[in-house]
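By written order: A, B, C and D. Residues from 1 in each chain.
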């Protein structure tokens, strides 16, 4: 290969810039040129493209978001859109494409490869950590720390006013952020989409803990398991305790990436690129059990990942 | 005086613990004992009281919230409640009382003094900064930095997705947090309760800036000027731009206090205590123009404070 | 078992309090009492002891350092000291002991067990991450993030003044912190104890990069590989570039633990305790490949761990 | 005026980018062009120049350092250098110059004006806060918070190991950072250049506090008052206590500016520019007593500023 392309696609995640840095510098190191397409698949279709050199990715490792930006792209979901994207890639003599993004973006890469026989490689970026084939997706560790930091602050005021606080965190389909942040902040309860829970039981626990002298409490809710405000109202009605809800929202997506996410992003970005340049295709780079691996995209996209039940058990014991 | 009391009352603010430290150590330094009442006025009425020594206030200067906790107290609003509070203070041989809190708490102190002739001193603590007689209330600087930090993160994702973000910050009656955070984060617009604004104009500006190539924007709303979600919906309808709302909520109240708030709290807490022990009463300590001052509570409570218009003008020029 | 003891020993590490929380609540959950000895082995010998209940470990998960404190203890290195420690444990009817600490502390635990047949369990806490049998020791992730944050700040001034900065980080025997932080901050070079490096080569690279237009650079040195000041002087002499040294020092030990360290500490603390209460002894809890494991202390203490060479390779490519 | 120039000069300070943003947008708002010279006076002499538009200063308000960079410049200290600088300014049709920097940079501006009759305006940027005519220089608040954050972390390990820590902070000629950070972190002692102190007395206090049960202590030293290591050695010798030194160094210069510094920088940058464009010259913009002011550079440069003694008194009482 003489030239590859790279995009960041789907929801942005802290560490995407570090991954981009790794893709570009790994390719240049092997004498291969890199083109960056802006705004994900949309920029491929519309040929929003810039050549990337060593300097283009200097000074970005500490930046949240993605300098290539991202976007949703309906056209790419249609065969015509993908054909057009392929034409642009061909016109630009792009022989392989690294896609940094979540489930949807990787699906797009896989379909494009199947239809047009272009070599693609995936790098998992998702604060929700909902991508199979890797223990950690880029951005997850930072998002958990951002939520932890916010809840530590809320805990100050919960303590000062003897209140229950319900914190809604991101996680539409799973409870990865919710469970880790609940453990890390010493929460008294957690509600997540993929495991059963009983709000009634949580209310019982809150009342019992209060009777034993615990004066403030935190309940964490993954957005996929319920609305923070509704859970809060339920708790007020069923316990008589003073409660407030906080919805952390989009701040969980941003911020300077943690060291873990930066190192992870560099490793996965470099691995994907080196594999691509060595002739592999249709894979995603991942970290499984502290070891770098690659899986076929078809495998990755057919699996779902759920929170480790051990952590829920642990939370139950810790929340006494 | 041989013994004074101290309470933290009303909404908690970062730096209240530093103020408490200053009250306790200043009094002990002059050979005067200090009793801490828990949960504000409620703890005075119900005699929730602990003697405070040097060690009690060691290692707390960096903690958010208040180790004495706070609470609302309806009984104290009635003459009977205040009579009971006074009885408790008398029983505990408390000759003077330092009240760390906001407008409501200082009003309580003033009324108690008028009815029962007890020496009181106020220390202004309020993240909203809505207390007259001081340029800065304890907690404001920290709250602005917390909001700034959150918006810096949101800016990452706003940039990556070419979006407008509407951020609702605290401020029921004024725009102190909103304006400073809007300036500090380079926001494109701000809505505050005490000055006129036009959402229509903001929409026009957003559209115009977009047409000139600015791809993402931040609009800050003080809660007293509108709901973040509603402002967001309005913008979507009137500009066609993609927009999201984030409500920062209670995290603005917590967190380790900034250096500014710690130093301010120490200075005001020490001043209030020294004045009280020197025979003054019915005053609030404040910082005006970088100078420590005291004002009568009656003066402080009869004034209102509004955001400096110069900052709004500046914001208009900066948001080009 | 009806009663166990717990100590934190050796250099303090962020997350030790979270581990302590897990030990105490896991034991109480199984109906077993817990005694906390202060100041590590010293407090065992001198019987500095407090019973720990659920409340004792409430509100500490976010605190750096260790509420049980730590200390070095020469007496414990002698058989007489250990005999005395055992006597205190026996007098207090302690049937098992959880030791949270580094290599030295775990060695102490092993020897005590061998000499006096008491059940011990180890939990690895060390910002240096130099304990075999676990991919991550408690405190490492936080220390790396603290150093990363400091270097991100130094990078601002390096950039503004076109300077080389040499940053000395912790790591007497290995380069775990140095390598991760060098990757995470986009450093141009790293010097660590366990792999060969050439300062002369680093100087060549710095000069070459400068000639290609890179105007500022960061070189990270693990303390075991050289003094920051000396490396800095060498670079100045051999490149003619303007350089400064920064020694990060003890701030790397403190601070509120990261989410990763908190969750890790909870998991390892709970595992060690559950194993102890189930009749196992002489083990250390660890995380290997994202899986909880236990190893015999004898195994753990006979191994050494070195930085993954893949990361060094990666750094070379990234530092172009 | 139709065109002005702007430089950042001397030691970099967080908030300089915000000041730059204000200068550029204030000028453009009045229809005046702006040229940015890189590397301070050096870039004026060597004509390293770029036109700055609204976009040039977008997205920089949160960045530490200065995008225009800075440098020392010996040539500018000679009349020939300044003549050359003036020629470049004339060639570029620069009618006025805004200089963002410290004492030395402002002196340069004043001399250039006197020799060549060009309109200059100063904006005070200095983490040391050693510029008269303003209560706060840009960067000071951020530097104090950076030092505070580091010392809060050191405090964790000081507490865990019952140690004394000596922290050397910046401040060659004054103790602004040292005193504020000592107050904010509850330090037991502070050594600064402009007021007398007795290390022997500090040692006595440390011993006395230890005898009363205070187990760990922090002593802050401004670099102008002594070397951290030497103070540490003195304390060890004269008290027998375990002590360690930490030199915070250049990290105090960097980092994302605090909200206070951002707002201050915007206000001062805008004021200096508006005054310049209205025909004033030879002034520095400042904040005195929460009010925006301007002073003649001649006045500013003839004064020195020292720490407020009230804060030292307060520290003595707080450090019981």
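We adopt the following convention: a contact is a pair of C-beta atoms (placed from the backbone, for glycine too) under 8 Å apart; a residue touches a chain by one contact, two chains touch by 3 or more.
The structure displayed is predicted, hence computed values, not measured ones.
Colleague: If each step moves to a chain the current one touches, what is the fewest number of steps from chain B to chain C?
Modeller: Contact-graph shortest path, chain B to chain C, evaluates to 2.
Colleague: How big is the gap, in whole Å, between where the Cα atoms of chain B centre and where those of chain D centre?
Modeller: Taking the average C-alpha coordinate of chain B and of chain D, the gap between them is 28 Å.
Colleague: Could you please state the distance in Å, as a whole number, between where the Cα atoms of chain C are centred and where those of chain D are centred?
Modeller: 35
Colleague: So which stretches of chain A touch two or more other chains?
Modeller: Correct list: 152, 155, 159.
Colleague: Dump the list of chain pairs that touch, please.
Modeller: A-B, A-C, B-D, C-D
Colleague: Along chain A, where are the residues that touch chain B in the complex?
Modeller: Touching chain B from chain A are residues 8, 12, 14, 39, 63-66, 69-71, 146, 150-157, 159-162, 165, 215, 244-251, 253-255.
Colleague: For a test of understanding, state which residues of chain B touch chain D in their complex under the given definition.
Modeller: Where chain B meets chain D, its residues are 21-22, 25-26, 28-29, 54-55, 58-59, 61-62, 135, 141, 144-145, 148, 152, 155, 159, 180-181, 183-186, 213-214, 256, 258-260, 262-263, 266-267, 270, 288-292, 310-311, 314, 317-318, 320.
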